[in-house]
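Structure first, then comments.
Which chain is which? They are A, B, C and D, in the order written, and residues in each are numbered from 1.
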Amino acid sequence: MSGVTLSNVVKKYGDVQVIHGIDLEIENGEFCVFVGPSGCGKSTLMRMVAGLEDTTSGAIQIGARDVTRLDPSQRGVAMVFQTYALYPHMTVAENMGFGLKMNGYPKAEIREKVAEAARILKLEPLLERKPKALSGGQRQRVAIGRTIVRGPEVFLFDEPLSNLDAELRVDMRVEIASLHKQIGATMIYVTHDQVEAMTLADKIVVLRAGRIEQVGAPLDLYRDPDNRFVAGFIGSPAMNFLPGQVVHGALSIAALRTVPALDLRLPADGTRVELGIRPEHLQIDADGDGFRLDLIEKLGGISYAYLHAATGERLIVATDGDSDLTDDMDVGITFDPARAYLFDAETGLRLR
Amino acid sequence: MQRLNVAPLRALLALTVALAIWQAVVWLTGVPRFILPGPGRVAAALWDNAALLAEHARFTVANLLTGLVAGVALGVATALNLALSPGARLMLRPMLIFAQAVPVFALAPVLTLWLGYGAASKIVIVMLVIYFPVTSAFFDGLIRLPPALSDMAQMMRATPVRRLFLLQVPHALPALASGLRLAVVYAPFAVIIGEWVGSSRGLGHLMLLANGRGQTELMFAALFVLAGMSLALFAALERLLRTRLA
Amino acid sequence: MQRLNVAPLRALLALTVALAIWQAVVWLTGVPRFILPGPGRVAAALWDNAALLAEHARFTVANLLTGLVAGVALGVATALNLALSPGARLMLRPMLIFAQAVPVFALAPVLTLWLGYGAASKIVIVMLVIYFPVTSAFFDGLIRLPPALSDMAQMMRATPVRRLFLLQVPHALPALASGLRLAVVYAPFAVIIGEWVGSSRGLGHLMLLANGRGQTELMFAALFVLAGMSLALFAALERLLRTRLA
Amino acid sequence: MSGVTLSNVVKKYGDVQVIHGIDLEIENGEFCVFVGPSGCGKSTLMRMVAGLEDTTSGAIQIGARDVTRLDPSQRGVAMVFQTYALYPHMTVAENMGFGLKMNGYPKAEIREKVAEAARILKLEPLLERKPKALSGGQRQRVAIGRTIVRGPEVFLFDEPLSNLDAELRVDMRVEIASLHKQIGATMIYVTHDQVEAMTLADKIVVLRAGRIEQVGAPLDLYRDPDNRFVAGFIGSPAMNFLPGQVVHGALSIAALRTVPALDLRLPADGTRVELGIRPEHLQIDADGDGFRLDLIEKLGGISYAYLHAATGERLIVATDGDSDLTDDMDVGITFDPARAYLFDAETGLRLR
């Protein structure tokens, strides 16, 4: 019973408000990812849950306890820092046992708990090493091990993979996912990388400028974004957007000669809109026109075509690896209207 | 400053080359011995005046080491206290600026005035000269614990005192080491200056005495004993740091 | 060492606080004036002996600045030459070790022996003390051009001389600046020590003289002039570095 | 006419040989990528072409000239360094013009050439700035601009994108590809990232331990690798390998109950082999067995399933974004035998 509840949580530094009244419910055992571009407040919000930043107003509950004013050590949380934050003069075992030692646990019990965490993370052969003798991935695992040892109600991860190289990042992502399955504790994870968010989260919280843009399961955000920001942020390569307008009750998109009918109620005439289509839902019509294929990147299993419209807009289209397209062709595009999205260009809100 | 950390063999080589050049200069220029005696004559003076040099050196070394130990102890204690009390930085800063921009050495005459021509004024000048760099270096090391390490400690219920001794002190040891290196470089300066300003014993006194009496060989011999003392002190510290901090 | 880079206002505040503490000590302990005169008495001594102090200060400042300029010029020239000749590092290293571990200050009596009690021995001791840190810092900066920048220069047909002046020198300016900061901190020490060891003029001479005659106020006044001189020198360098290197 | 030809090129540091007699022909105007894991000698080889490393034996030709013993400045090459290598005290314009200045060009001509390069790379507004006032991507563009200004016969790129973040890396990749199309000069590009190699190269040279493993067009390497190393190195996620043996003239793979017939001549009985199948050519059979699905990562447009066989081997399978697979299922796998590869487990060579 240790979900996390944020009620109208606000953070100000002097006169500058960086978190604008956030309400959020994280279920017990849930893997919740805060994602957003840098400066969106995701790290600040997590540090407020940890107690490392004061909460200006509002309340934070962990389980049934209001922890808003509690010291970090009394909140039942443990955190993995971006920089690992391992103590360089202590061995791996000492680092992992340090929290328990501070809390006055007997030595035998500390040793036992450290051994258990080391087993889970396959760190046994490294226990007597100093952090500087470890690789980046091993340090990361020790940092995670240190949190496991403390047996917290809530695990906090602050961009834990951002100092690892691409390959290791994928491995550690899988390892963290397995860990969550194994331990089943509530976890909050901060990242700017939407791929990490998509692959790890039960629930994604998309933040921008200190406000929640949308909360939901990964594929719900991918399939059913509430606004242009979420649509553009989730998914890789990013969704393509084509500007247009509602004219005489019909949709007019500058880059497209004809616009297939979308199954939604259009707003008033003159409303400026954007049509959004993901690269994987666009097809290239080699006999069509209106677009120029600048470059095709063939990755083997998949190819990406970089197009620009006669009207200037740029598009990316994902096609299969055996594509026989070549650079500098004139092409058209087609798409299934059921997989297109429409957004109000002013407010960014999705039109449904 | 990194360069100092060098194998003794290299230093010995450098010394040999320097001696050779020196001898060559003396031979080639035919400079009179009361201006620049050759290495051989200086060695002879060293040998002939061994007892005299040893007596004066004992006085100098005793003051040097006493002042060094006291200055380091006082500096370490100050830094620890400052690290525990918030707002300490603000207090320390003007002190350090003053101490670094104004030559503390220049207080030597004042100290002889206050403490007389004996050992006390020398010990205090060494302490004073050492105190500021050691305090400053160690305190800097203590408060520069990376923020994440400090946050981590806060999450683990580490009290300020425990945090200081279990985390900040180990983290500040390299900074303390640089402070100590400065200290052992400064300390011989300080003790000799203390003797020059006013003393009836010590190597510095002997140098001025020999200079005044035209005993150039003896002055150079004293200078060599002093240089040897400095090098030995430095080498001893390096050995200590290597075994303790490695 | 970073701390020195501070607004003059802060330094002024620190000075005021120090003066207040000093006055308080004098009042509270009732210490006799020949041991520790109050700030007021020292100020009076400054005023009364203004002409005397100015005359001695002129001698000290002239030697200090001459030695400083000569030492820096010689150091910069040496570093540039060493940077152009390969294998220079090997030559420089033993020199630097020797110069840093052995107190160059200790040569002061030798210099008075060689150059007499006049200006020359003071100028040379300042030069010597400054020469090594400036050379070492600047040379380090010159040869630490990142390898890619050096490769790039090679691909662009830059001759060694052009590379030195167009790339290495600009890259080494911050290192030279730290060398200069050390130099202006060391230079006043050096000139005063030169005077202590043997001189008939200068602030250092005046301090010892006043000390011997029990003119404690005058000694403190001289000490203050010296401190003011050091601070002014430091501030002047900082201003120069800010406008030239920023 | 400025292709690059390497003939039996060798590099030794003392007794240690790091480049073992490389022969390579790079056509005029070709974009050639040296790719391989760190320590494979790719950077050393490029630096030998540049003249920054001596060539121990063998010959390097640029166009018709033997440049093996020439000074770097006389080889007609210009290089973009990983660290950008911009001079911090010079403005962008001065940095770009420095090479010409060193070669004694008149000021007006330098200004003209810098302006032209700045136009190509859209650097005009930045010409008077110092490098420290630029973003990582802008610095990279300046470094490229500096090479363009010099008008070399051959452009060299030494991992130019490795200091940029993932998003910028994609943009700069596209920009470098466009640049090559626009300028048409011979380019050699070093990277450890096979995606960069696949998307940029006309010709990829895969290096390992100072030897060439394979040379070819990107899709040729992807479709037709000569050995297990190239097969595993090219393609993302990497190819899956299942060990097995030839028994009684038939293929026996430990993890598979039945092995579909491959269209190739099997080696002698008892030869240990590995079967290679790419993640995108495997399908999951939800009704089959023999494999356990540890984890499924749903990225929206695509999903990756992480499997392990009853016999211990780990596999990755790429499936579509709408996959209804869930963690911890027991599954089987199927694949088109025409898309499977077979390798000799000892030599790593492809069996055809």
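Everything that follows uses one rule, which is that contacts are C-beta pairs under 8 Å (C-beta built on N, C-alpha and C of every residue); 3 or more make two chains touch, one makes a residue touch a chain.
What you see is a predicted model, and the numbers here were worked out from it, not measured in a lab.
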Intercentroid distance (Cα basis), subunit D paired with subunit C, Å: 56
Gap in Å, rounded to a whole number, between the CA centres of subunit C and subunit B: 18
Where subunit D touches two or more other chains at once, by residue number: none
Sequence positions of subunit B contacting 2 or more other chains: none
Touch-based graph of the chains, sorted into line, ring, star, complete or other: ring
Pairs of chains found to touch, sorted by chain label: A-B, A-D, B-C, C-D
Footprint of subunit D on subunit A - complex, ascending: 166, 170, 173-174, 177-178, 181, 193, 195, 198-199, 218-219, 222-223, 234-237, 278-280, 294-295, 297-302, 306, 318, 321, 327
For the subunit A and subunit B complex, residues of the former touching the latter: 50-52, 71-74, 77-79, 81-85, 87-89, 98-99, 102-103, 150
Subunit B residues within the subunit A interface of the complex: 146, 148-149, 151-158, 162, 166-167, 170-171, 173
Residues of subunit C that touch subunit B when the two form their complex: 1, 3-4, 6, 10-11, 13-15, 17-18, 35-36, 93-98, 100-103, 105-110, 112-114, 136, 185, 188-189, 192-193, 196-198, 207-208, 211, 216, 219-220, 223, 226-227, 230-231, 234
